[in-house]
Each structure stands twice: as structure tokens, then as C-alpha cells.
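Contents: one structure, followed by commentary.
Each chain gets a letter, A, B, C and D, in the order it is written, and its residues are counted from 1.
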Amino acid sequence: MSHNRFGKIFSVTTFGESHGPAIGCVIDGVPPGIAIAEDDFAHDLERRATGRSRHTSQRREEDRVEILSGVYQGRTTGTALALLIRNTDARSKDYANITQQFRPGHADYTYWQKYGIRDPRGGGRSSARETTMRVAAAVIAKKWLRERFGIEVRGHMAQIGEIVPRAFDWNAVEGNPFFWPDAAMVPELEAFMDALRKSGDSVGARVTAVAMNVPPGWGEPIYGKLDGDLAAAMMSINAVKGVEIGDGFACVAQRGTEHRDLIAPDGFRSNHAGGILGGISTGQDIVVSVAIKPTSSLRLPGDSVDVNGDVVEVVTTGRHDPCVGIRATPIVEAMLALTLIDHALRHRAQCGDVGDITPRIPATTTKTTTS
Amino acid sequence: MSHNRFGKIFSVTTFGESHGPAIGCVIDGVPPGIAIAEDDFAHDLERRATGRSRHTSQRREEDRVEILSGVYQGRTTGTALALLIRNTDARSKDYANITQQFRPGHADYTYWQKYGIRDPRGGGRSSARETTMRVAAAVIAKKWLRERFGIEVRGHMAQIGEIVPRAFDWNAVEGNPFFWPDAAMVPELEAFMDALRKSGDSVGARVTAVAMNVPPGWGEPIYGKLDGDLAAAMMSINAVKGVEIGDGFACVAQRGTEHRDLIAPDGFRSNHAGGILGGISTGQDIVVSVAIKPTSSLRLPGDSVDVNGDVVEVVTTGRHDPCVGIRATPIVEAMLALTLIDHALRHRAQCGDVGDITPRIPATTTKTTTS
Amino acid sequence: MSHNRFGKIFSVTTFGESHGPAIGCVIDGVPPGIAIAEDDFAHDLERRATGRSRHTSQRREEDRVEILSGVYQGRTTGTALALLIRNTDARSKDYANITQQFRPGHADYTYWQKYGIRDPRGGGRSSARETTMRVAAAVIAKKWLRERFGIEVRGHMAQIGEIVPRAFDWNAVEGNPFFWPDAAMVPELEAFMDALRKSGDSVGARVTAVAMNVPPGWGEPIYGKLDGDLAAAMMSINAVKGVEIGDGFACVAQRGTEHRDLIAPDGFRSNHAGGILGGISTGQDIVVSVAIKPTSSLRLPGDSVDVNGDVVEVVTTGRHDPCVGIRATPIVEAMLALTLIDHALRHRAQCGDVGDITPRIPATTTKTTTS
Amino acid sequence: MSHNRFGKIFSVTTFGESHGPAIGCVIDGVPPGIAIAEDDFAHDLERRATGRSRHTSQRREEDRVEILSGVYQGRTTGTALALLIRNTDARSKDYANITQQFRPGHADYTYWQKYGIRDPRGGGRSSARETTMRVAAAVIAKKWLRERFGIEVRGHMAQIGEIVPRAFDWNAVEGNPFFWPDAAMVPELEAFMDALRKSGDSVGARVTAVAMNVPPGWGEPIYGKLDGDLAAAMMSINAVKGVEIGDGFACVAQRGTEHRDLIAPDGFRSNHAGGILGGISTGQDIVVSVAIKPTSSLRLPGDSVDVNGDVVEVVTTGRHDPCVGIRATPIVEAMLALTLIDHALRHRAQCGDVGDITPRIPATTTKTTTS
């Protein structure tokens, strides 16, 4: 991966800043013949959009996708597929006072040191707005994965602050603004978030995404590992500070006899591995979780310096999420889908001559979604 | 990253299997003029080598590096630098009985599904032996980073099973076979490991690596982020199931006011960010940790199937580590060094015209090594 | 290079079809701090534009560039720089009758075989309209090369059909629609082209581009050679069937004593090498020429088949150039500039520690532009 | 392409210098299951080897290939495939006197300027010895292309100095040391070469390679064009100064009605395009030719300077070819095969879902080999 481009065969190049005229992406290596229309993007962009509830930042955007190329008569042509979304609701004045300051916990200082120039409006290129295009690109990926392989990619919130779900039901996830899998806890979360917003502080989150029905064999040892690319994909999302596969950091305290997923003719007995062994998919659910830090964009003052090196107190006004992790679920799903389609194409590139290999070990029926 | 090649400018292509004639690597983009000789590799390979203590697998290897190209009169020429190590101590017979079986928790099944063919000897390409070449390549990287920027890359064990250090002293790390930073606890660890070996089981580990004196500005938003490439680099190491930067998964439960690293003219006040913000280095210590799963190569039987799909009981004989994490520290350091040198070169490629940018915020004096 | 992206560090991803809503590009790795405004693109796009004389196709386009990202307060930020040009003058009806046919000498058949679907309007992605974005991207490259190194990139027509210049004057090149370096021959060329247009046929051309003041040392053996990347860059231009460096195919009949450029303390004695030896720039003028085939878009009927495999007679109406090479000069210059800036950044990535090396051999004063 | 690595999926990284201990390569993305043994390389390496006739340099090498990884029980495993050849016949003393000099027409000066250091022995990395590994890697590529698609890759000499074949017979090519397709002319060529050797001078050559039975659809617009990658591949060969596809530079003087390959239900009527349109294969023979400059390694003195900038007269002793083009045919074939297999894999990556597309236009029966 590098700069603004993700993926080796199915690759996505994004561009655009939070307060520039538009954001967009160019997707390369799209399999031809996929049915795509501008309406297809609405659902997933809606899930990601701000303003959907009082718990997310009050910036209202109309994410209308325009297809600039790569689709003819409703089907992908295989040529470069470009999507564009014009920015309509950016209030530059909300950022006026931070032009000269380095907000602690933000990338202001690092962009400044790297480029000697920065666009301070809305966090410029470091803003989360860029992730909108990933979700858009992933609409195409998800469609192809589903139609071609029956793969489903789903995500949910696994932890907010110190709160974890006490029950798990996939059906609950889409029914609340938190993507929380335990419907009974929603009022509790709402109260928690209201208190947090009043306090002016923020909290971190943990999001988990699962891909089901992924065939075994995707991923390339040693440096093209599926989990390696997943880790890079997830770490590229704003505010992510950790990535784990399957049991992840819980493995540290496990014994080998406990961790290894035993195999029987009717299937794996467990899925501690999270669907990947040796960097290659096993055919089990692929389970990936990310740690999202609490936002540093707070109205509570923080000490910093300005471009002259003088002491300042930074207060971030404008519209911010007390928990940016709330909107992360569609983005984590998107990166999982984008990584998977790239690996699907890479696998058939090298191994297209390999037929169906037996034995094929079914996935475990034991619930594999970790919280 | 892909297949067998890591890095964009300073890139390393490795080859070789555990029981093949040799392992090696080809390094591209090496800055010319670095003084290198075959003796330079001995120290770091020694640190990684097996057989150094009774706690690591009893395979004795003489890791003698041969420089095949890219060095003339003791200095790198800038052309492809190839290193070779002949395998001398591989006992194929130890693996004879698993040719037809899929060891649970290993990549046997996934390689079989992907390629329709596999080299079962010693885990073939999925063996940890390949990591030897990464440590060798990193010798060159570490040298250049140190001479050019004064960068030091150091690692230590941060957790074995549920045991964590109760004190921290960098000087203790090189004095025990565990890379443990608390000398007083070494007898305790030895007893723990002896008991574990007797039991036939294994345990996981957590390893942390730190890079000091890294200038601010390394890394490229959005998909060329320094932490993104670090995550991929670490996940490419055998047995790694999680990667975190700075406070990592501890961020989930933190508040924003607690997490953000405040800034004063004389320096950052803390380093929860682990030295990276917005994917770019801040000038603070870069702190990365990995979760290593407990090995599944156990003499304790595990249920599985063979290539015909019939039930078998797998027992792994041969020489194995009850905690593969013990040898991981030099490898985690190596991947940190390889990622850093690649980013150093990438940064000066694009931003070579950017002079020294002020203000330059010093790193915190608060101890940043996390355990 | 692959798909829609050119360049390793300074890389350009283009998108858009001839009759789609827009064409555009995203440029990665742009050095920060370059002064750029939307007006900067007008001159070079004008040079490339159709409709400028009766000798080029009568499609009138208003190539107005919109900068979507990557520029703040008039300077490049180093983040992804996106340019967009809306298509305003595409007459789809001109192409209606070829939807079902494969025009001989065009990519209709090959796109059909590759993708199983094609956009027949105006040649879709295979249209030369895409090259507009390369010229736009090259405006930025040329600016930086000039300001940073004093590099000038200039091109001219070297042959139309069997006609070659009888004299050479750079100053004549911009003064006629053919980019011809011999002003006295212009009436002759105009008469030739008028006769050609009347006949309905077309002719090929040879275009030469020269880069002056390129420092020695750019290019990477073995597969990152400057001439290797130039060859790929030029071959990616529509209708190009050959690329040569320096004396090119004339080398075949030369003797070694004649070809080798002798060296004296005051400079090279000649430049048969065209500025590149061993894939690396010598400091002499870089001279590259391309062969452009005669267009197959003719109103003279040509035999072919349709999508059912039935015999058809193809007549191409609409607006076409009897010599597409006439508009190629700015495009050939653009690819030379884009390749050079990428190599400038790649060279300093790896060799940024190498100071000024002596001796430095001056370029020859003998005229090196070949016709 | 970059540095020492060629190809996107099936990629080859080479290493090694002419007078170093060994040369080698690592091949990535090899389809698993191909039968390969060390003996398979002998034939093609023999064709390339020096010393095979008095017309090529008298350096006798025993090119014994050792397979270091990536093959198990005689079949490729899909993992990194490494090949090694030890250098056995390098006479360093032949090069002693040029350590301080820059040989005109060679890369001595450019490597010096780029790296500030160079290995002068035998041309170091710029030596043609590196091409041996390409021929070795191509053995695997040719095998797979033939077995999977029935593709044949063949090359021949098309011109030496001003001499061209007066007749053409593929069967003659392998029967003389020049790869000349006109057996009757061989004594004439031998006399020419003897005279040339006596004179101490050298001459250039033109080599053509043809690939037959390539399916239509390989290649990716815009920057992943098959001819673009071929151009880069050929230009990467030592001493190449020009590349052309099909009629190449002869297109310049052609008319459109003459150049375009008409189509009928029973096939194309001609192949001026050389098998590629719009960067994608047409299903016709792919025809590529290269211009090879006359070697500058002559015993006839040439003026130059030394590392201090002082005037010297350079005389190259040692063993050299008066026409390096004579040994180029297997190398040009190799690069064609390596480019084709990479494109085969890339095509099925993106377009693996596209079935057989009709109509399928047969190749012309008109002889397409150009001289």
C-alpha cells in the first residue's frame, strides 16, 4: 500500500479533503459485468453518515455519488471506475481559530513537520470524511463477493469505553445507532453517551467485523498475507491504534491446547484463529477487531503550542463525535470487503489452475463472533 | 506488500524453506556506501538463534551469512544485495509422520487448499526459519538508521502467559534468554517454562519494540501510513495475531482528556499515541506491540483429519518451543527497522525539498515503554 | 505500471472516457510547496487541444481544469492532488453505427474479448481524450523539474509520412500547428495534409522529445531503468508502435567506434546514446522518439465483422485526424516529464546521501536533436 | 517495474554481478504444480552461453542451475522459487586497468554519478551476465505458457549491421550460431564477423521475437498495456536502444488504408499491428523487435577521462563480442515469455469471470515474421 492507493489488483485510490470541493475515488481492476447504479451506494453511505442520531456529529452531508467512468449501460466495463461526491455542508468558520495551532492528539503537527504546509480546514486530508469513499468503493466489492461466493461481511460495535454487550444478536445491530448487538442495552448506552457529551469528554471503542463463507486459500505467504493486508487496511482508518485477528491479544494468556482449533471430518471445532492460518483463509469466519482511540477534538481545553512555538490553550469547537467509533462499523466492514476482493483476484491470478481440493473442512458451528 | 517482498523503496524479497538447501534474501534500494561485512550479521542472528538456551527449540543452526552481491570493498554499491544462509541442521525424519496430516493450528490445511500441493517438511515456507533472513536484512537497516539519524531500535518481552514484568530496566533485557526487562523475575520465568515444557503445552507472549530518535514526518497519509505498514510488517511474522501502537487496545477504555498527549514548548507531556499521529511519526518514541499465539506444535495429541478426510490424532514430535514468543524479540525489532528505513527513503523522495520545520517539539521525558 | 496508474513515487492515476461526464486524474507523491493554480494548465492543454487548426479533428473542447484537492492557498500540500475536466463537446450520435461493429485497427475487438463488454462511444477508454489528463499532470511535473533543476522538456514533429525537416530551429516549433521545426516547409505540409484529408486516408508520424539539463544518475538498474520506464510511458500513448532512445534503430547499422560517445574533460563529444547509459542518465540531453501509426478511423470503407461474426463494411464518420501524430507532441513531452520527476524522487530516495560526485562531464555542444 | 524486480504477479527479482560469487533470481507468483527440475534449464542456457562459437566472447561458463526453494517432489509449490548459478570463469585481471577509467559508451560513469561507488569488475551489475537468470526464469514461464495455452515463443536475428536475411525459414534459426533464418547466408555472415573481429570494431543488430497462439484479451489499458510492459522489458536488456511492435517505425510512412488489419469471418487479413491493439492482445502473433547497439568494449582506443578528470585512452582487453546482438535472441524470447505469463495471470485476476467471448477472429495465415 502507499500514499493514496490501497490494494494490488482491485485497488482504490482516494482523493479529497473535508472542506475541499469534493471527495472521490478511482477503482482499478474491477471485474467487468457487475451491475452498478448510483442508487446502490445510498444504503451504506447512510449507515456511515453523520447526523443520523444525536450521538454523532451534527454535520449533515448529502452523500450523493456520481459515477464518472467505468460503467456502461448499468454494468462495470473493467476500466477505471471513478466516483465523486461533492462536499455540501462544510462550515469553515468552525475551524478558523486552529489554523495557527497544533491540536494535541491530532495530525496537525505531523503534517506540518512532513510537508511544511498544511490545510487546517476540518483536518484536511486527515479528516474522517475521506473514509466515505472507502465505503462507496466497498459497495462494489461487497456486491461481487456476495454474488460470486456468497460472502457476507458484517460488523458490530464490541465495546464502548468499558461497556461490553451482555448478549449477542446480529439482528439487533442495524436497529440502533451504535451498531450494538444487544438491544436491551441501548437505553443504557444512550444515557452513557448523553452524559459523556455533557461532560465534553470522549471515549474509545472496539469494533469487530466478520466475513462469512470466505473460501479457504486466500492470502499469500509471506508478505502478502491476508491478515497482513487486513492489519494495514484497518490501521489506515482514522483513530485506529490496534488490530487483532480472531482471539487476538487474548492469545497471549492462552495455552496451545486451548488455542488450537481442532479438526473433525464434519468441521473445525472452534475458531480461535479467526479464520486465518499462515496468512491464508481457512474457510472459517474471518474475524477482525480494531481499537479506536477516544477523539482528541474536545471543547475541554488542552495545552499545546502554536506555529511559533508559543503556549496556547486549544479548544475545539464545531461538530464532533464523543465517540468516533460509533460511525466506524461501516468503515471497518468496508476495509474487510476491499481486502477480500483484492485477495480473491490475487488468488485466482496465481492459483487459477488449482481445482477444488479435498478434503474441504466445514466451518465450525460454534458462534465465532467475539465481543 | 505482496508475496515474498516487503517494502516499497528499501525492499526485501526472501526465499527458502526450513528444510530446503538454503534460505536467502535480496534487498533492493539499499543506500550506497554503507559499510557491511559478513561478520556484521553474527550478533543479531545469535540473538535469534535456536539452541541458545534450554527454553528454545533444540535445533542447532550455524547461521553463517554469505554476501552474494551488492557489496564491493566492504561497502554497499546500491545494487541488489543478496544474502544466503545454507541450512545445516534440519532433521527431516522428525516430520515424516505429518506428511499426510493437517496439524491443527498450523498452515498445513490452508497451503493445501491454496496450492493443491505442499512441502510438509518443517512447515515448508510457513516455518519460522524464514524470519532469519529478515533479521539479517535488518542489520543493514539498523546500521543506516543509527549512523544517519541516531535511531535506536530495541525490543523486549512484555508478557508471557499471564506474567508481566514488575519492574523495567532496558539493561536487563539482553542478560536473559527471555529478553525480559526485570532481572529479578528470571528464576520465576525459568521455573514457569520448565513446568510448561514438562506439561507438553505452550503459552502465548506479547513483545514490544521501541524506536527512539525517529524524526517527525515519516509516513504517508492515507494508505502509506507508518503504522499501517508496521501493522502489516508485524502481522507477517509467524504466529502473530494482533498488533497495537502506543496504548493500543487500552485506548478503548480511555477518555479523550486522558489519551491525548498534551504539548508544551519543552516537549510532549506523554506518549499514549506511541509516536504516530495521522499515520506520521511525531518525533516521540515509536512503540509497537504484538500478540503471539501459543504454538500448536505440541506432543499432546490433537484431533484432526488427514488428506483423505479421515480422523487422525496428531502428535508433533521434533524440536519445538513451548513459547515461540521467546525468540520473537529480534524479529519484531527487525520488522520495525525495515519499515523505518523504507519510510525514511520514501519521505525524502517526496519531501526532500522541505527543510527543517519549526517548531520542533521534543519527545517526552516520561518513560514510554509499555509492558 | 499497471492498469490506470503510472509512476512509482510521483504517480498518476487517470480515469474517464471520451463520452462520459468527465475525465480526471489523481496525482500521488507530489512534492509539497509547488505553486499551482487552475490557470497554469491552460497553455499546455491549448497546445494539445483539437480544433486548433483545420488539420486536427474538429471536436471543440473547453478543457477547463478544476482542482479538487491537494492544493491550499495556491501551493501543493503533498496530499492527493485531483484534477477534473468535464466533457462538453461529445457527439454520441457520430458513433451510433459502430456499436455493433469492430472497427479494424482499433481496440474494439480486444476490449470485447477482454471484458465481454465495451463502451463503444468514442472509443470509450481507448480514446485519446484520456491523454488530456496526462498533459495536465505534466504541467506540475514540468514546473518542479524546471524550478528545481533547470530542466526543460521540449518536443517536435520529426517526420510525417515520408517527409522530414530539411532544417532545424526550435523557435519554429511553436509557430505552426504541426510542431514542425522547419518554418519554410509549413506550406508544403499544409498542402500535403489538405490532399490527405480529401483522399480520406491517413498517415503516420514520428515525434521526438528532448529533456535538457537532466543531472546524471537518474534511473535504477536493472528493471527500474530510466529508458525502460520511458519506453513503457511512450508505448502507453494511443497509436504508438515504437520507441527509441538516442540513435535508436539507426544503431543497428553503426560501428562501435562510431556509436560510442567519447569523453574529454570539457565534455562528451557526441550523444548517440541519447542521454542514457546502463539505464541511468548521463547528464546529456535525453532524446526519445516514438513511431505513431496512421489512424484507422477512416471514412474509406474497411472490411470487418460485427458482434455476430457477420461481414460488415465499416465507415467511420465523425471528426478525426488524418494524422493523429500532429497532436502527439505535447503528450510525448508530458510522458517524458512525468517519467523524469518520478525518477528524480526515486533517485533521491535511495541515493540522497550521495553528495556531488566528480568528475562531472558536461554535455556535448554538438546539436543532439535528431530528426 | 523497479530496481531489480520485473512483473506484477509472476515477478522476477534478480541479483548478482558478473564477477561476484553467484548470480540468482527469486520468482514470485509461480502457478503451483508445474513440473520443474534442474535439468530443464540446460537447453536455453546453452543457447545463451558464451563460448559456443568463435563469434561470441570466449568466456566459458558452466551455467549449472541450483534450485534453492519453491519446488517439492519435482513440482512448483507456489512459494518463492529461487535459482542460483555460481560464477566459475571470471578473470578479474582482465579488468584491472579500467578501475579508474570511465569506458566510453558504458555505464561506468553513470553508476559512479548515481551511487558514488562502483564495482568495476566486468561491468559489475551492468554486465550482461545478469541476463542469464532471466533466461532461466523464462524456462518456467515458457513451459507453463505452452502447456496451458499452447503458446510458442521464438526469436531470430533480423539484421546484423546492414545485412538482412534474403529468405526466411524458422527451421534454419537453431542451426547456426547467429539465430539467422536464412541458412544459405551463414558463410557470408561468418566471413563478415571474422573481418569485423580482425578490425577490432563492432556492429549493432536487430532481433525479433514472436509469440504464437496467445489468446486475445491480455493487457490492461491504460498503463498496464501489454506492449507497454513489453517495451519496458526489452529496454531493460543491456545494449537495447529501441523497441517496436509489429511494423513499428515502418508505420510512420504507411497510410491508414495500408496499415489497418482488415477482418473477415475466417480471420484477420494481415498483422501490421503485431498482435496488439489498444494495449491488448488480438489473438494474432505478437511480434516485437529490438535494436541493439554495437558494443563499446573495443580494443580500439577511445578517448575518455579517469576518476580525477584527466585524459586517458581506454583500451578494453578481455573477452568481448564484436556483436552482442548475437547472443540476444534467447534473452529477447525470455523477456517476451516473462511478460506474457505475468499478463496471463493479471488477466485472469480481473477477468476470470468473463467466459469465452464470440466472435473469436482467427489469426492471419499470412506470414507475420518481419525482418
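Just so we're on the same page, contacts are C-beta pairs under 8 Å (C-beta built on N, C-alpha and C of every residue); 3 or more make two chains touch, one makes a residue touch a chain.
As the structure is a prediction and not an experimental result, all values here were calculated from the model.
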| item | value |
| --- | --- |
| Other chains in touch with both chain A and chain C | B, D |
| From chain A, the most remote chain by mean C-alpha position | D |
| Selected pair, greater C-beta contact count between B-C and C-D | C-D |
| Mean-CA-position distance for chain C and chain B (Å) | 45 |
| Chain centre separation (chain C, chain D; CA means) in Å | 26 |
| Two or more partner chains touched - positions in chain C | 2-5, 8, 14, 29, 32-33, 78-80, 114-116, 125, 221-222, 346, 351, 354 |
| Parts of chain C lying in touch with chain D, wherever the complex brings them together | 1-6, 8, 14, 102, 104-107, 109-116, 125-126, 130, 159, 161-162, 201-206, 215-225, 227-236, 238, 241-249, 251-265, 269, 273-274, 276-283, 291-298, 300, 302-305, 307-311, 346-347, 351, 354-355, 357-361 |
| Sites on chain A touched by chain C in the complex | 2-5, 11, 13-17, 20-24, 26, 28-29, 32-33, 66, 68-70, 72, 75-82, 84, 114-119, 124-125 |
| Parts of chain A lying in touch with chain D, wherever the complex brings them together | 8-10, 29-33, 78-80, 148, 221-222, 345-346, 348-354 |
